[in-house]
Structure formats: structure tokens, C-alpha cells
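In the two complexes below, chain A is the common chain; its partner is chain B in one and chain C in the other.
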Partner chain A sequence: MELQFENIGKTYRSRTALSDISVTLREGVYALLGPNGAGKSTWMNILAGLLKPDSGKITLDGKEISAMGKEFRRILGYLPQEPGFYPDFTGYALMKYFAEIKDVKAAEPKIGELLEFVNLSGDADRRYREYSGGMKRRLGIAVTLLNDPKILILDEPTAGLDPKERIRFRNIISSIGRNRIIIFATHIVSDIETIADQAILLKSGKIVLFGPIRSVLDSVRGRVWTLEADAREAEKYVMQHPNATIVKSGEHWNLRIVSGARPQGPAVEAKPCLEDVYMYWFEEHSLEGKENETVSL
Partner chain B sequence: MRMEMKKVFSSWLTFLCLGVTLACIGVFFAASAQNRDVLSGAYEELLAEYRAEYSEEEICGRLSGEKDRLWEETDAAGESAYTQKGKYADSLYGDFLLFNRAYETADYIYRRLPEGRRNLVKDSLSHITEESQKKHPDESVIRENETIIAKYNRVIPCELKSTGDLESMSAGFDHTYWDFLMIAFTAMLAVRMFTMDASSGAYRMLYSSVKGRKSLFLRQFAAVSAVVCAVAAVQSFCQMVCGALFFSVRDYSLPIQMAEEFEYCPYLLNVGEYFLIKFLMKLLFYLLMVSVSVLIAVLCRKPLPSLLWALVFGIGPLILMFGLYDYSASENVDPFGSTYRLFQLLRCVLPQSLLNIRTYFQNYDMIYFGGLPVGRLIPACLTTAAASAACFIVSLLRFGQPQKR
Partner chain C sequence: MKLFLYEFRKIFTAGNRIVFFAALALQALWGFFPHVYEHEYSPEIYRRYMERIGGVYTEEKRTFLEARREEIAGLIDAYEEMEGAYKRDEIALDEFERYLYEYQLAESERSTVDYLLEKCSYYDSLDGEAVFFYDTDWADFFSHSGYPYLLAAVLFLLLIPVFDREFTSNARPLLLPAVSGRKKLCICKLAALALTGFAVPMVFFALRYAVFVCQAGGGQDFCVRNLLGYSGYPDISLAQYYFTDALAKAAAWSVGALLLGAVSNIVRNTVFSFFLSVVCMVSPAWFAGIWPPLVYEYAFCAAPLGKMYGAAIDLRVFALVCLLKAAAYILINLKYWEKEASGIL
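Then we have the complex of A and B:
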């Protein structure tokens, strides 16, 4: 299965939401990472058929998805950023309704299975309005998986979840991630490290980096530094490196700085994490000179 | 569609509206029971007896004689006329009332009705003759009078039977308040159904699903229409039941002209066909109301503004027609005045006119399309159907398209 985006562009009035997006995805879990307004949701909506791109085309195994219509929607699962359902429906009724909408044959056992899978079987008869944020998300995932989608789009799936819910969600994604293309958009970097095989970094509607997680981490290798300083020195470092992460440790402060040049003082090179990648690629001041840079790893 | 029905009934607001609607029907029912015709059974018995015993020529004379005799007897009996048992009714005075009514009916059926229609034919014949003798005769006047002759020079197959009290039967159930209520109910139902996907946020998941938007649109539209049609059918059914129970409207095969208010109805229709047309016209309007509300909801996507606009569309013209109807029904109306002409024009095009179709059937009410005489109800019907179809198609296309922005 090969999902190919060719020169996808989308503009809202004068603002460019997506510009010349060209990428090919195969089975695996892809994290779409970018700050708010980077164009992640626009991309998801275009793939889900909710928005028309101004230019370019999307093909699945050589067939244009707009021409595939139902055939494409049959293998698509889409969990939007704020899914929302009918507040007076019970969880079970919603599952049943969407099973009908998704044309799922003999849906009853499948519904039971999925509710069990997302740990909602005990709450299936409660109204949606009574669900917590996490339960709503989990129900959204169950609904999305009803048709056993081969292409799964998850837009900010962990936003608003507490740590326990987030772990549960990650486990769900990890367990279904075989033989599918899963694209999940997020700006929460910790999700990516545990779930994704590859990352796509999106900035101002453009892909700035695309590749396996390890390679993405490598992109900032040699640019991450840690050092220990007192309060006065720490303040000085922060003035020089506003993206620095500061953690107080007793009388001292531990600083983590992402910078192309080694900071002055007792800085030690550190092993990069995805947060460093995010800071490097998306912090305003750190992007000078990288605006037009696209790296494929 | 079962799940769409569930969507319709997933809110207390639907139940509230439905409750108000049913309560209204209950009130109409109670009011009808209060105004029931207590003499109807005896009256029908009397008519049946005279019909069986006497010929058409004899009936009027017999009834008139009996009526006069009862009047004298009642007069002589004084107060006891109200307590003394009559042959048909509970009192002598009741018997007099029955015979008076039977005489009025017989007089209308056997004399006034044919005579009135004959006069119309005669008038038209003389108009044709008069126009033909002119140096430059107006063909349209001749054509119109020829149509009048064709429509009225027909025998209405009447017999001495009671059509029942059609007017009282319609008093509650066909009231304008009911129309306002149904418009509000329809608009609320349609707007809620077509904005709830957007307002709940479910639309993204729905639109990206296999069945897609068009199927969803059709199912939602069908669910709303079914509920509205069901309420309209319940209302009509209750009206029929009320008519049968309280106003003796039981024989739907009688010609509509046997009810005096339809004396000059130009069509050969029976009471049942009239009620069927009335019901279908109401349905047609309600379907337009559904289509318009859906279109507004699809374009606007927000429940409250959509509802307000739908109500403006539904109720605004109804109030206008109501005002114009009051004016045109007054005695001093100028048939050549602009207000009257506006009213007549609106009756041809405005869908709200379909809510009160009585006026289309009470008099000669034809216009000419390409030389052909057509009842004003036909263009009103066609306009409504066309507007419904247009709203339906536009909303389906708008609902069925991915957003450009």
C-alpha cells in the first residue's frame, strides 16, 4: 500500500496553509509534528476528503483518491481533533449508528469487541454527554476503528488526555499499527517517541523534515547541550538561548540548550530527544536560515 | 433511517414540540366535543325517513308543511314545548328545529343549488351573446364565459342526506394557529437535524465515512419529512374522527356542493376528495417548509439563526396572506383594486396559500395559461413543488460537496 501526496497546496485567502507537499507513505505509523497553525489539520482534512486542495493530487497505489470515492472511504478511518458526537446518544448507540454509516456488516460483535478494546464496555449504556474527555477520545477511537481502516488519520488524538489516558491511547495505537498507514498529527512530542516509526515535521505549511525517528533525532545530534549554573548565570544563558529548558536542582539550575554552536562555559553535549528536535526546528528564533530548508532523511 | 429517527427524538426539545402539538390536537378535540351537534342522530333519521317515503318533488312541500305545523304547535304549547317529548328529538321544540333544518337542506339541494348554478350559466350565455354582437368582440371574455358554462352546466348528483357540519369540523383543526404551530415545529425539527452534525462536531467523521454525505442527507431529510407528515396525518385523522363523532361528517362520497359554503364550487368533487386534496396540499407545504429549513440550515450551519430565518420564511407570508384574506373577504372590497389583485396574484404563487385551500373551491377561481383555463390552485401547487425541488437540490449539492475553505 502506497499513499502518495503530490504537490498538495492549499491557501486560505492570503494565508498559505499547505505548500507543495510531496511525500510517499507506506505501512507504518507516521507522526505529523508541528506547532499550531502549521497546516496539520488542513492536511488531515484534505486526506479525509473534507477539504479540496487548491493544487496537487493524492493517490493510493496509483489511483487518485478523489476518483476512488466510496472505495477509498471504505478503508479510511478519521478521528478529528474534536470529534464530538450526539450528546444524548449512549456510547453503544453511537457505535451502532456509525457502524451503519460505515456500512459495517454484522456489527454487533465488532462493537462489543471495540468497546472492550477501548475499555468502555462498562460505560456503553451511558450517554455521551456524561463521558469524561478521555472516555470521549476512546469512544472516538473505537468509532474510527469500526470499519477496520487501512488508512487511519488521527488528529491531535492525545490532546486533553491525562497521563493515564495517554498511556492507554499509546498502547491502543501500538497494538493496531500493523499493516496500516497511521498518520497522527500532534504537537505533543512525547507521544511520538513511543508510537511513531517516522516523523514528518511541518512548519508554515511546508515539510521541513521527514524520516525515521532515529534519523530525526540525528538531525540535531551535536546541537544539544546541558550545563549546570547558578541563578545569575542561568539568567544570562536564558538571555542568550531563549529556547533553553531549565530545571532547578537544589541550589543549582540544570539547563538544556539546543544550539548549533556550543554555549560558552561548562556545556556538555547531550543525547538528543524529540523535544530538542521540536525546539530546534520550530522555535522562532532558532529558525533563522532554515525557513526554506527541507530535509529528507 | 431508524437511527436518523433516533436522532430526531434524541432531544427533549423534540418531545416538547411534539407534546405541544398533540396537546393542541387534544384542545381541538375537546372544543369540538363541546360544540357537538346533539341533534345530528335524530336529524339523519328524519332525512332517511323522508327520503324513503317521498319523491324529490314532494319532500320540500312535506317538510315545509310539517315545519309550519310544528311551529304552531310549539307556539301553542308555550314553555312545555321544551319539555314535551318530540317524535325525533327530546322536545317538541327540538322537533321543530329538526324539521326547519331538514327543510332548509331540502330547499337548498333541490331548489337553490340548481337554480343558482343555472343562473350562472344563463348569465354567461347572455355575456357571450352580448360580447359576440360587439363590432370587436373580446375573445377572452367569450372564452371565460364558455368555461363558466362548461363548469356549471352539469348536474350535481345530490340526495337528501347530511354532509354534516363541515364548517364546525374545520373551525379548530384548520385554524391559523395550527399552521403557525406546524411551521414552527417543522422548522425546529429540520434545522436541528441538519445543524446537529456541525454543532456536535460529528460531521467530519460522518462525511469521511463510506455512506458519505448524500446518503446521510437523504436519510436525514426522509426522517424529518416522515415525522412532519406523520404529525399532519394524525391531525387530519383526528379531524376526521371529530367530524364523525361530533359533527356527523360521515359520508365522504357526497358531492362537496351539498355543503352550502361550496355552492359555487366549479369542480365535480366529493367531500372525501376535497379533504384528500386539502391534506395533500398541506403536506406539500410542509415538505417545502422542510426543504427551505434544510437549505437554510445547510447554508447557515448555526441552529438559532437558521431557525429564525426559517420561521421568517414560513410565518411572514402567512401573516401577509392572512391580512389580505381578511381584506378581500370584507364586503367593501374593490375587485379592481390593487390590494385585491395582489391577493389574487399571491394565491397563484405563494406556497402559504395551500394552507387554506377552501377559497379555491368556493367560487369560480380560474386563470388562463396559454388560453387554457387553470384553477389558481394548480400554479400555487406547481410553484411550491418547484421551490421545494430547488431547495432540495441546492441543499443536497451544498451538503454533498467538500468545503473549498
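Then we have the complex of A and C:
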């Protein structure tokens, strides 16, 4: 399965939301990373058929998805940011309703399986309005999986979840990530570090970096530093490196700095993580000169 | 079919069911509330006359009424003469008091007898058989139907969310990418809108009728043309007339329900949807006087706007106008349901 985006562009009045997006995706979990307003939701909405691109085309195995119509929608699963379900419906009734909307035949066993899978079997008869944020998200993923989608789009699915719920959600995604294309748009990098195969970094509507997670991490190798400092020195470092991550450790402060140049003092090169990649590519001061740069790894 | 039923489930949520039944209870209470209307005659005296001359209108009844009018005129004209005779002691007090009693009776009956004779002339102008019966309550029932604000409020509350809910609760992004989430779902929603827009008014109209019949008694099988000023209508009973009108109104409300859907689909904002719905479906009743009557009745479906359908209205043309409007609203709904909303998504 090959999902190809060719020169996709979208503009809202004078603001460019997406510009010349060209990328090919195959089976795997793709982390779509970018700050708020980067164009992630616009891209997801275009793929889900909610928005029409101003330019370019999307093809699945050579066929344009706009021409595929229902055929494409049959294999598509889309969980938008803050999905709106009907508060008076029970979890089970919502599953049945969406099974009907998705034209899933003999849905009853499938609904049972999915509710079990997202650990909501015991709450299936409760009204949606009584669900916690995490339960709502898990129901959302169960609804999205009803038609066993080959292309699954998850737009900020972990926003607002507590750490326990986020781990549970990540586990669900990990377990369904075979034989499908999963696009996981987020700006919470820790959510996808362990489950994504590839990362797409989007900034101001453009892809700035695309490749396997390991290669993406390599893109900042030699630019991540750790050092220990007292309170006064730590403050000085933060002034110089506003993107520094600070963790208090006893009397001292541990700083993690992403910088092209080695910071002054006893800085030690560290193994990069996806958060460093995010900080490097999206931290405002470090963007100069990278705006028009697209790196494919 | 299942999707269609789900739409009903979404319309009649627990909260909406309470609103619906509370509105019905209010409607029934309002029906039982005593209404006082002004008439050019005395309904009580009219009722007494009907007990005496009720039944098929005949020449004898007309002659009787004409004789009574002359008698009344004579009694009233004799007042000065009788008063003078009493003052001149030409008649005794007893006799004068008997005259005064007759005079007051004549005075109170005069307008009613005049009205009855007006009806006689009206019945003479009719082709078929005419029947005298106590019809004041029916005439009041028809002429004081008024704009159904309560029904409008209930329909707005039930029907605006059919599309609006999907936009404001962000359910639409889940629905549109689904196999049946586009045209099929939109058609099911429109069918639910149209059917609810038809059925709910029919329930209200039937309840209004039931409450009226409980209070006013019978008469529903008499021809509507027996009511003064209703000669332009066909030879149908009062009940048939009411339910023909109720059907026309319900059909117009049903078309209006599709308009509510179109408004929600275009503006995608609850407050603005309610505002525009009031502008489109209530305000024409406030400015009824500025339109030529026929244009007003056809274009704005005057029937739902408060009065019974006029005799000049051709119900076939009315039905055609409703169908054309429904077709236009359906097309708008289908187009805007799938239309992207720049800046919203």
C-alpha cells in the first residue's frame, strides 16, 4: 500500500496552511510533528476529505482518492482532535451508530471485541457524557477502528489525557500498527517516540524533516548537551539557551541544551531523543536559515 | 432505515421529550383557559335562537325572523309614545313596566336578529342546503387560531440541532469520512426533519381540536359553508376543513423544517441559526400587511403563519409551491453538508 501526496497546497485567505507537500507513505506508524498552526490538522483534514486542497493530488496505489470516493472512505479511519459524540448515547449505542455510518456488516461481535480492546466493556452501557477524558479518547479509537481501516489518521489523540491514559493509548496504537498506515499528528513528542516508525516534521505548512525515527534522531546528534550547574549558573544558561530543559537534582540543576555549538562550561554531549529534535527544529531562535530547508532522511 | 431511526433518537433525546410533552400540556391548558371574544351580536341570545330555529334553513324561518325584527323595531320605536302615555297617566305602571321589559328584550335581541337575517341573506346566496346551528364557537375557533409561537419554539428546539449539533459538537469530522456519512446521512437527516416537522404540528393541531371539541360540544359534521363568510370553500364539514387546514399547515412546517436544516448548514452557529430561523419563519407573520395577500399566502406559507387557509388559495398550487421550496432546501442542505468550512475545521 502506497499513499502518495503530490504538491499539496492549501491557503486560507492570505495565510498559507500547507505548501507543496510531497511525500510517500507506506505501512507503518508516522509521527506528524509540529507546533500549533504548523498545518498538521489541515493536512489530516485534506486526507480525510474534509478539506479540498488548492493544489496537488493524493493517490493510493496510483488511484486518486478523490475519485475513489466510498472505496477510499471504506478503508479510512479518522479520529479528529476532540471528536464530538452524542452525550445522550451510551458507549455501545455510539459504536452501533458508527458501525451503521461506516456500513460495517454484522457489527455486533466486532463492537464487543473493540470495546474489550480499549477496556470499555464494563462501561459500554454508560452514557457518553459520564465518560472521563481518557474513556472518551479510547471510545474514539474504538469507533475509528470499527471498519478496520487501512489508513488511520489520529489528530492530537492524546491531548488532555493524564499520563496513565496516554500510556494506555500508546499501547493501543502499538498493537494495531501492523499492515496499515497510521498517521499520528501531535505536538507531544513523548507520545510517539516509542511507537512511530517514521517522523514528519512540519513547520509553517512545509515539511522540514522526514525519515525513520533513528535518522531523525541522528539529525541532531552532536547538538545535544547536558551539564550540571548551580542556580545562578543555570539562570545564565537559560538566558543564553531559552530552549534548555532544566531538572533540579538536589542542590544542583541538570540542564539539557540543544545547540549547534557546545555551550560554555562543563557540557557533555548527550544521546538525542525526539524531544531534542523537536526543540532543535521548532525552537524559534534556531529556525533562522532552516525555514526553506527540507531534509529527507 | 436504521440511520433514519437514529436521527429520531437524536431529535427526541430525554431532554427534548420533556420539552415536547411540557409544550403539549401547555397547549392543552391554554385550550381549556376561557377565551372571551367580542361579537356584534349576543352569543347567548344567538344560542337561544338556535335552540328554537336550529336545523335546516327554510323560508319559514326567514319569515319568522323578519317578523321578529319588525316586532323589535315596533317595540323600540314605541318607546317615546309609551313613556309619554305613562307620564300622562294614560297607562298604569304595571303596563309600562311590562312594556319596558319587552323593550329591553327587543333592544338586546336586535343585533342578534339583524345578524341572523344577515345569515339568512347569506344562506339564500348559497347553492346547496344550509343549516342553522350554534356556530359561534367554531367561527371563533377558526378566526382566532393565531401564530403558533409555542409550536414554533418546540420545532426550533427539536430541529435546529439536527444539523447544527454535528457542527458545534465536532461530530461532522467523524461522519464525513465514513462510507455513509455524506449524501446518505444527509438524506436521512432531511427525512427525519421533514417527518418531525410534519408530525409534531399535526399532534399539536389534533390536541387543539380535541380540547376544543371537548369544550364546544358537537357540530363538527356540519358544512363549513354554514359559517358566515365561508361560501368560497368546498362542500366539506367543519372537521374536514380544520384537518385540511392542519395538513396544509403541517406540510408547510415540514418544508420549514428543511429550511431550518439549510440555515444550520450554512451558518454553522447555534445562536445565529436560531436568529435566522426566527427571521425566516416567524418575522413574516409580523409584517403580513406589507405583502399582497396571495403572494404572502403562497410564498410564506401563510397557513403556518397563523390563520386558516384562505378560500382563494388553491391547495394544489400551494402543494406545488411547497414541493418547489422543499426541493430547493434539499439541494442547499446536500450542498452545504459536504461543503468545507474554511477556518472552522
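What we mean here is this: the second predicted complex is superposed on the first by the 297 of 297 C-alpha atoms of A that agree within 3 Å, B and C clash if a C-alpha of one lies under 4 Å from a C-alpha of the other, contacts with A are read in each partner's own complex, and residues count from 1 in each chain.
Please note the rule applied: a residue touches a chain if its C-beta (ideal position, glycine included) is under 8 Å from a C-beta of that chain, and two chains touch if they have at least 3 such contacts.
Nothing here was measured: the structure is a model prediction, and the numbers come from that model.
**Student:** Clash or fit: chain B against chain C, after overlaying the two structures on chain A?
**Tutor:** Aligned on chain A, chain B and chain C clash with each other.
**Student:** For A:Asp162, is the partner it touches chain B (first), chain C (second), both, or none of the two (neither)?
**Tutor:** In the superposition, A:Asp162 touches no partner, neither chain B nor chain C.
**Student:** Check the residue A:Glu100 against both partner chains and state whether it touches chain B (first), chain C (second), both, or neither.
**Tutor:** In the superposition, A:Glu100 contacts both chain B and chain C.
**Student:** Would you check which partner chain A:Ser41 touches, where first means chain B only, second means chain C only, and both and neither mean what they say?
**Tutor:** Once the two structures are laid over each other on A, A:Ser41 reaches chain C alone.
**Student:** Who does A:Tyr12 touch here: chain B (first), chain C (second), both, or neither?
**Tutor:** both
**Student:** Is A:Val143 in contact with chain B, with chain C, with both, or with neither (first, second, both, neither)?
**Tutor:** A:Val143 sits against chain B and chain C alike.
**Student:** Could you list which residues of chain A make contact with chain B in one structure and with chain C in the other?
**Tutor:** On chain A, the residues that contact chain B in one structure and chain C in the other are 12, 45, 48-52, 70, 73-74, 76, 78-80, 82-86, 88-89, 97-98, 100-103, 143, 147.
**Student:** Please output the residues of chain A touching chain B within their complex, sorted ascending.
**Tutor:** It comes out as residues 12, 45, 48-52, 69-70, 73-74, 76, 78-80, 82-89, 93, 96-98, 100-103, 140, 143-144, 147.
**Student:** Show which residues of chain A lie in contact with chain C when the two form their complex.
**Tutor:** 12-13, 41, 45, 48-52, 70, 73-74, 76-80, 82-86, 88-89, 97-98, 100-103, 143, 147
**Student:** Touching chain A in the complex: which residues of chain C?
**Tutor:** Within the complex, chain C touches chain A at residues 2-3, 6, 9-10, 13-15, 165-166, 168-181, 185, 340, 342-343, 345.
**Student:** If we count contacts the way the header does, which residues on chain B are in touch with chain A in the complex?
**Tutor:** Checking each residue of chain B against chain A gives 3, 6-7, 10-11, 196, 200-202, 204-212, 216, 402-405.
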